[in-house]
Amino acid sequence: MKRRLKGVFVALTTPFAAEDVSVSRFQDNIRDYNTLGLGGYVVLGSTGECLSLTDAESEALVKASVQARGEGKLIIGGTGRESTRLTVDFTNRMADAGADAALIRPPSYFRTRMTPEALKMHYWTVADRVRVPVIIYNIPRNTGIAMDSGLVAGLAGHPNIIGLKDSSGDVSFIGETARRVPGDFCCLVGSGSVFLFGLELGAAGAILAVANAAPEICLRIFQAFQERRLEDARKLQSELIPLNKAVTETYGIAGLKYAQQRRGYHGGEARSPLLPLDDKARADIDSLLLKLNLREKP
Amino acid sequence: MKRRLKGVFVALTTPFAAEDVSVSRFQDNIRDYNTLGLGGYVVLGSTGECLSLTDAESEALVKASVQARGEGKLIIGGTGRESTRLTVDFTNRMADAGADAALIRPPSYFRTRMTPEALKMHYWTVADRVRVPVIIYNIPRNTGIAMDSGLVAGLAGHPNIIGLKDSSGDVSFIGETARRVPGDFCCLVGSGSVFLFGLELGAAGAILAVANAAPEICLRIFQAFQERRLEDARKLQSELIPLNKAVTETYGIAGLKYAQQRRGYHGGEARSPLLPLDDKARADIDSLLLKLNLREKP
Amino acid sequence: MKRRLKGVFVALTTPFAAEDVSVSRFQDNIRDYNTLGLGGYVVLGSTGECLSLTDAESEALVKASVQARGEGKLIIGGTGRESTRLTVDFTNRMADAGADAALIRPPSYFRTRMTPEALKMHYWTVADRVRVPVIIYNIPRNTGIAMDSGLVAGLAGHPNIIGLKDSSGDVSFIGETARRVPGDFCCLVGSGSVFLFGLELGAAGAILAVANAAPEICLRIFQAFQERRLEDARKLQSELIPLNKAVTETYGIAGLKYAQQRRGYHGGEARSPLLPLDDKARADIDSLLLKLNLREKP
Amino acid sequence: MKRRLKGVFVALTTPFAAEDVSVSRFQDNIRDYNTLGLGGYVVLGSTGECLSLTDAESEALVKASVQARGEGKLIIGGTGRESTRLTVDFTNRMADAGADAALIRPPSYFRTRMTPEALKMHYWTVADRVRVPVIIYNIPRNTGIAMDSGLVAGLAGHPNIIGLKDSSGDVSFIGETARRVPGDFCCLVGSGSVFLFGLELGAAGAILAVANAAPEICLRIFQAFQERRLEDARKLQSELIPLNKAVTETYGIAGLKYAQQRRGYHGGEARSPLLPLDDKARADIDSLLLKLNLREKP
């Protein structure tokens, strides 16, 4: 498994039709992405609006992704919940639905109580009790919890904890962590704006929201890095930043889905309480796609 | 309904036995509290570890509370979820289980996108579609979202939005809001440390975690205020602060459940990832109870 | 001294004329305030834009306030700086200029290093070396440092530390602190929105920005509380909140100075980088003053 | 000037002797650094404990640095103050003392009022009135203000604003900004943990605290990047992260000065309220220096 946690993974959006999950559009997207050389998919990630889905919808999406994925593509389920027990149960349910691994964010509602000790207990217990390998998810912007590399290094000692996704934006966290974990523990970059630098500091790959809209560029960065064409990699990384900021920070998931739609994938609206895009935002994203020469998917 | 949203409500803890929800202990507690003159109960609140419960457990708790409550006691369900649709569905399910009203925190995972406009859309749509009245819940410490009194005043125009619970700790938010809403919109204080002052600024009552452990003191504050014995009220409020801080901020729910247990109610452990109390914390809480002359319940 | 730290203190604004400090307008204001029954004045507070003043301007303001104050009015200088040594030197310079006491905010530029231990060392050393009594200043909104009542209680053991000003907005901090300090240690409320409640929890008085614009209302709250006319006090406190929010939070010092000007005191513009008010803000403040029946000073 | 804002700049510490500024030790350090190929020095930066220095001490340090610097080395003064006027006056005083350029952090005490509009007005006015070129300083960890690349791009239109130092840790901010400013506007990295990545995104160099203790490594990263030996650069960057975290985040300036001392430069203690290091911290830093093969300076 650890050997396969490498390359570019798309943190898939969840397409809706008339407010219901559209499994067929979701599978269409995956089939389109299958042709591109990606490592696999994250289903039920933050980008997938996992917190807006029912358990039944979640299960249907995991099953659909397993069915639609190309050969050799990993399916990683975002299965973190607010308690240890709920996380274990939901992770095992998604494992039964076919997920190959689980990406688990820390419980965060009681964030002031999520000491390193509490987080260690949580992840260790989860890893003991779930039937798929666990990837730790550091995403302070949404959880209010900034993990420490010492905590991750300690958790890396558990045989069922195989990796880290870091979306902090401070890429040195990956560098610091990569130096403290065993060689086969996989660090994955969670921000498209610093993907290349994570690779330079030892990351095995990335799980990226922007890859829904611009998978080719993400893949080209990875390939250029692999082939040590670092000038090419730098140029691509630099060019990707404005679009990545727009579809993650400035306009969020609604912006990402719009960009995805413009590329010829199924995007559509996000579920409420996320608001629809206004015209200025659309024009802004159109212009960013144009600058990157990203038109309809080939 | 609005006339009944008055007085002291306990934000009930959820007792566990061997990690499972103990409906019988939960009902024992309610039956004990029934004798005390409370306005009613919040089931599935933050204090009830609602985010650590399954939907089935949640439903069982609401049903159990309806069965056990004394005559005239309101059952308010904490039914906020991360999307508008999930909130509507879960609220209606809990309404069917018997909840009289719904206490709804704002979605917060995508907190940077929760603009006043997005929150207004969320609450307005929820209020349109649920079968019980809605109480807005402002709890910035946990959600990272500090509401504005203008937003609350706007939402108060919806016929199915009947009140606000404010746990910000800055009691002037209640004062500011109370001045901007219709007279029958109910403001409830969410922090035991400033209960009296909320009353002085127009609150109709409070929903309090500390009332699990010290319901008598909360009630005495309310009665003293009602009878305009303000010196008594002040003294009681001042005395309550150290215990309230201990069982909400310093030691959290584990501390509250310990205090509750010491009073002769069912407390017990919190669900992981909340950690158990250490000895120092227990001694500290023992000493605070002693100072308040709170021994076993009468 | 401690006996005199009682009642309402104005956190004086600093009037400018053509961008220079106008000592004469500053003294005019003080002479007007002298007639009102206030306890005294804070010169060089946050409201006085102390961080925008040179040392020479600061010294001139302290001297001017000493000269203009009415009999029995205390002059408290805001003398906190970013290092222990600078704080000692500046405090002693202001003491030499005539300040009776020093209000000292914590150093905050290196806020992550301002542990309780570092703060304790800082305040203790300052108190040892300055020639006037010290009042601790808790103002987390501006410093990013939320003090703990245990820290304040420890510092209250120093013979030259005589009080606390709390501008946290969470009035229970005063309640908690007042219970842990010797009876002659003075707690002063720093927010006009919760003044009365601080008094109810044991505060000796308040240092208020809003008192520049509405000193009569602040004084009436204090008198009503002293005379145990608590209904009157409540009503006044509730009425004061909207104006206080406007001139502290919503519009800040520029708003406060505009309100002050409308009352017939010298207000005028704030120093850059604070921006001037726009028309909407002016109309909003006009309307709030009108609601409070606050026209030109009598 | 812009052509010279290139390479590695040391954000110099300020050595004290018996609590007084030691100009001779400060000059010793500079003379040692002069031999190493650095671009120049920042005097009065955050690392130099500028907020703990008097104006006279500040002036003496600038003069001393001008005297001691090697040929071609730039002297950049950290001259930001809390008001526009104080910033102008202090900057001009330091310019008269010999500073070649000014590094100016935003006013931050009234951070909620520091809107993009207020910051634009501040920097523009400062740039109009000072006699040396201005470098904008983004350091959200200390100021609580996260600048926007649009703001910086707008300010880059002022002929006297020549660059940006970014210490946010999120290196994509430099990438985004570098794409929006004229080609001769210089972006400088402010964090040793992401130095290389800033260069890859278009930064001209860096101003680094860690360069006090490990200037050779910082220079080797820069040289390797210049010569496109990117594998070497990556390796060095990765190795530098643990020491950089220790002497900036974990132990702060006291840790940095200790590391500097161990390298044979003058370090010594920081001014109070910064606390001295304990033994564990010393051992930790010793071990980090050892791993990097950094012993006494050659």
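Order as written gives the chain letters A, B, C and D; numbering starts at 1 within each chain.
Please note the rule applied: contacts are C-beta pairs under 8 Å (C-beta built on N, C-alpha and C of every residue); 3 or more make two chains touch, one makes a residue touch a chain.
If you're wondering where the values come from, they're calculated on a predicted model, not measured in any experiment.
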Relative to chain B, largest Cα-centroid distance belongs to chain D
Between the Cα centroids of chain B and chain D the separation in whole angstrom comes to 49
Suppose each chain is reduced to the average of its Cα coordinates; what separation in Å results between chain A and chain D?
35
Give the residues of chain D that touch two or more other chains, as numbers and ranges in rising order.
none
If I apply the definition of touch given earlier, which pairs of chains qualify?
A-B, A-D, B-C, C-D
For the complex, give me every residue of chain D touching chain C.
19, 46, 49, 51-54, 81-86, 89, 106-107, 109-115, 117-119, 121-122, 125, 141-142, 144, 249, 252-253, 271-275
Which part of chain D faces chain A closely enough to touch in the complex?
169-172, 175-176, 178-179, 191, 193-194, 196-197, 200-202, 228, 230-231, 234, 237-238, 241-242, 244-245
